[in-house]
Structures are given as structure tokens and as C-alpha cells.
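Down below are the structures I want you to see.
Paired with subunit B in one complex and with subunit C in the other, subunit A is shared by the two complexes that follow.
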Partner chain A sequence: MAKLRITVTLKGSVEDAEGQSVAKALKLLGYKNVDEVRTGKVYRIKLKGGDLSEGEEFCSKLLSNPVINDCKVEFDED
Partner chain B sequence: MNREPKVAVVTMEGTNNEFEAFNSLKYAGAAAEIVHIKKFESGARKVSEYDMIFFPGGFSAGDYIRAGAIMAARIKAKLLNDIESFVEQGNLVMGSCNGFQVLIELGLLPNTQGKWETEAALAVNISNRFEARTIYLRVRKNNCLFLKNFEDGEVIKLPIAHMEGRFVPKSQSILEEIVRRKMNVLTYVDSMGKEADYPWNPNGSVLNIAGLCNDRGNVLGLMPHPERVFFRETESDWTRGENRQGMGFRFFLSAVEAIKEKF
Partner chain C sequence: MAKLRITVTLKGSVEDAEGQSVAKALKLLGYKNVDEVRTGKVYRIKLKGGDLSEGEEFCSKLLSNPVINDCKVEFDED
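Right after this comes the complex of A and B.
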């Protein structure tokens, strides 16, 4: 059994409105060192078989829009 | 031929504008039918049985992953070839709000390269808020079959309600093609009809794009909801001003008339 960890984030060129809101909130809480926040989603997927290439397919078929997203597939160690 | 145009309003878990769309199409003179996506997937209904497909607004599959992504993936898996042929044959496809998100994900819009690839995205609003209000739009009708009953340059009001409506093209060249071919038929403007930033543009769309029509004019996608203002009484200022049809009426009448012209 393989466990995959797929992380979908916005490309650096795409403005991250949620990230900006989070950064603002953190600064309002007094964390002066916060410079930028980028958000994303993590999918932790258990497979009965298969490998990372199947995860790549999940990215292209459903989990990410290549116009705005980067999609990183790795084995989930936890 | 003297028959009513057959229109499928495609629904699934989470869509919520199918009844407004059904009624709008019905009162514009179409034989509308609400069809669950499963009926297309199983073959109980075929895309080719219809003259037009309408993708309604709502939150298909809970808008999980991205708005419209799951509905689009299901269509891609089994129906995309049928829908591409349907469009190539000149039949009409329209999507509002979540429906527009589906059309973008499917690559039916803007499709500047004719390869049916995803050339754009509708990202989270720049305000990071769900924006629900009435907005102003300028209509550039070009050859868009859904806009026949509008004046070119006309400024209209329509309701919006979305979290993910910021049009982002894949590249500058795709954006330039959209503009060159005048596919950006609906543009957010201020109350004086001039293009302006937020809040007039409610989501931060590039070039204030609110809606796109394909090269041939038979696929329209837009973030606003014409089906919610088919009747004047459902417009936000219905007690004031002239007594006329609702603003959405002309979209659906245009579509029905365009289909009938083909009969």
C-alpha cells in the first residue's frame, strides 16, 4: 500500500488573496516578521497499489488547474 | 421546422440554479429539461438529443478542490468528445457562474487555439470574499448568439454571487487573442459605463472580464446570473424605473431565436 501526499499551491505569479488575508491577520496579532503568506491544499491519499505517477495523474485530471496551480506529489511518510 | 428548441439544464449535487434556468428557457420558448449528469454518463440521455446545453450556477460537488472542478472532471471523463462535437456542429452551450467555471475547466472557453485545452482559470476573488450583489456590465455583442437582443455597447445590470470569479489567462498571448477576436463580450464597468477596479469589478478579473463568448459565437460563459433576473420583479430595483422585461430575458430569447433560425 502506498500513501501519497499531494500539495496544490497557487503559482508564484498568481495573487493569493487568502494568503494576503492571513498575512494581514498575523501582522495584526503582532507578528512583525511576517512578510508573505502563500496558501494551498494538502491531499493525503492511500492507494491499494500504484506509485507516484498515479498521483501525477490525479493532479492533471482533477486536483490542479495548471494555469494557476503547482502540484507536488510525494510519498507520505506519516 | 416548427418545434420548441430542446435544452438540457445539466445538474448534479450542489448546483442550485437549475430551476431558474429551466423557467427562463421555458418562458423564452424552449422545451427545457433538467438532466442529472448521471443520465448523460449512463447513456440514458445523449448530448446530441438537444439543441442547447445549459450549465447552471451553484456549488457543484460542494465546490471542493476548485469551483466546478469535479463536475468538469466527470464531464471530461465521459462526455467531453460529445460536447466538443456538439459545439463544432454549431449548437449552443451556455454556463453562468459555476457553469462558467465548468466551461473554463473543460477548455470550451476561451479555446483560442482550437485545442479544447484549459487556457484559463477562475481564481478566488481578489477581495477573498464571497461577492453577492448587482453589478454593471458593458455588452460588446460581436457575433455572440446569446446577445442578439442587446445593443452593442449597452450597459446592463445583473446579479452576481461567487467566491471564485477572477479570470486569469494562461498567458499574455491568450489574453491578446481574446481581445483581438473580441471574445470578451461582457465587461465589468461602473455606473457611468466606464471600466473600473474593485468594487465595480467584483473579483479582480483581468481586463474586467465578466463573460466570454467563443470564436463562433455559440458558447457563452459568464459569472453573473441572467437566469435570476428573467422577470423584472426579481431585479434589485424592480420597484423603480421603467416597466420592462427582466434583463435576463434577452439572453434566453436570443438563444432560442438563434436555435430556431437553424431549423
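Right after this comes the complex of A and C.
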């Protein structure tokens, strides 16, 4: 049983409105040292067998849009 | 400059409809070995100074609902 953790984030060149909202909210709460917030989605996938390359396929076929997203696949240690 | 990675997921006891949809879609794409998918949000936060305990405060004050969410704070290595 493999456990993958796939993180889908916006590319650095794409504006992240949600992240900007969170940064603004944290500053309003008094955390003036917040510099930047970027958001993303995480998928924790349990597989019978399988490996990282299968995770890459999940990214390209379903979970991410390669025009605007970066996708990172790793083994889930939790 | 600290970089935190905060992952907000649904607690194990809470049904994850989005995760179930992704699992179903992956199976329809032919990946019959997919057992379970759980989804979550990830926040990558750049801070001037700051440490993990500040990340815990962000979780409890803004980013998560303790009734349904688990929140994990770690240093971002990327």
C-alpha cells in the first residue's frame, strides 16, 4: 500500500488572489511580519501498489492544469 | 525569513466528498488500484522572522475550523 501526497499550486507567475486575501487578513489580525501567502490543494492518495510515476500521471490527467499549475508528487510520511 | 507550510485537512471522521469524487474519477480513468483520496488546502507563508508556534496561531485564528479540520504546521523546504 503506497501513500502519495500530491500538491497542486499556482505557478509563481500566476497571481494568487486567495493567498493575497489570507495575507491581508493575517496582517489585519496583527501579524505584520507576514510577507507573502501562496495557496494550493493537497491530495493524499492511498494506492494498492503504485509509485511516484503514477502520481505524475494523476497530475497530468486529472488534478492540475499545466498552463497555470505546478504539481509536486511525493510519498506521504504521515 | 522563515517559510512555513500549513496543511489543513478534514479530520478522518469527516466525510470528504471531493476526495471521493477524485477517487471515482481516477478509477474511471483506469486506475483501479486507487483505494482512497483525501483532499486539503495548503498555505505556503513567507514570514519576516517567526516560527512554528506563529503558524499554529494562524491555524487557530484564521485558516482552520477545529471542529472539522486538522492543521499541520511545518517549515517549507522548497
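For the reader, a short list of remarks on this structure follows.
The rule we apply is simple: the second predicted complex is superposed on the first by the 78 of 78 C-alpha atoms of A that agree within 3 Å, B and C clash if a C-alpha of one lies under 4 Å from a C-alpha of the other, contacts with A are read in each partner's own complex, and residues count from 1 in each chain.
What we mean here is this: contacts are C-beta pairs under 8 Å (C-beta built on N, C-alpha and C of every residue); 3 or more make two chains touch, one makes a residue touch a chain.
Since this is a predicted model, take the numbers as computed values, not measurements.
In the superposed model, A:50 makes contact with subunit C only, not with subunit B. Legend: residue contacts after superposition of the two complexes on their common chain; A:42 is shown touching subunit C, with no touch to subunit B. By the touch criterion defined above, A:29 lies against subunit C but remains apart from subunit B after alignment on the C-alpha atoms of chain A. In the superposition on chain A, contact of A:61 is made with both subunit B and subunit C. Looking at the shared chain after the overlay, A:9 reaches subunit C, while subunit B stays out of its contact range.
Set against each other, subunit B and subunit C differ in how many residues of subunit A they touch, and the higher count belongs to C.
Of the two partner chains, subunit C is the only one that A:1 touches; subunit B does not reach it. Residues 41, 61-63 of subunit A lie in contact with subunit B in one complex and with subunit C in the other.
Against subunit B, the residues of subunit A that register as touching in their complex are 10, 14-15, 17-18, 20-21, 41, 61-63, 65-68. Residues of subunit C touching subunit A in their complex: 1, 7, 9, 19, 22-23, 25-26, 29, 31, 33-50, 54, 57-58, 61-63, 72, 78.
Against subunit A, the residues of subunit B that register as touching in their complex are 65-66, 69-70, 73, 76-77, 105, 118-121, 123-128, 168-170, 204.
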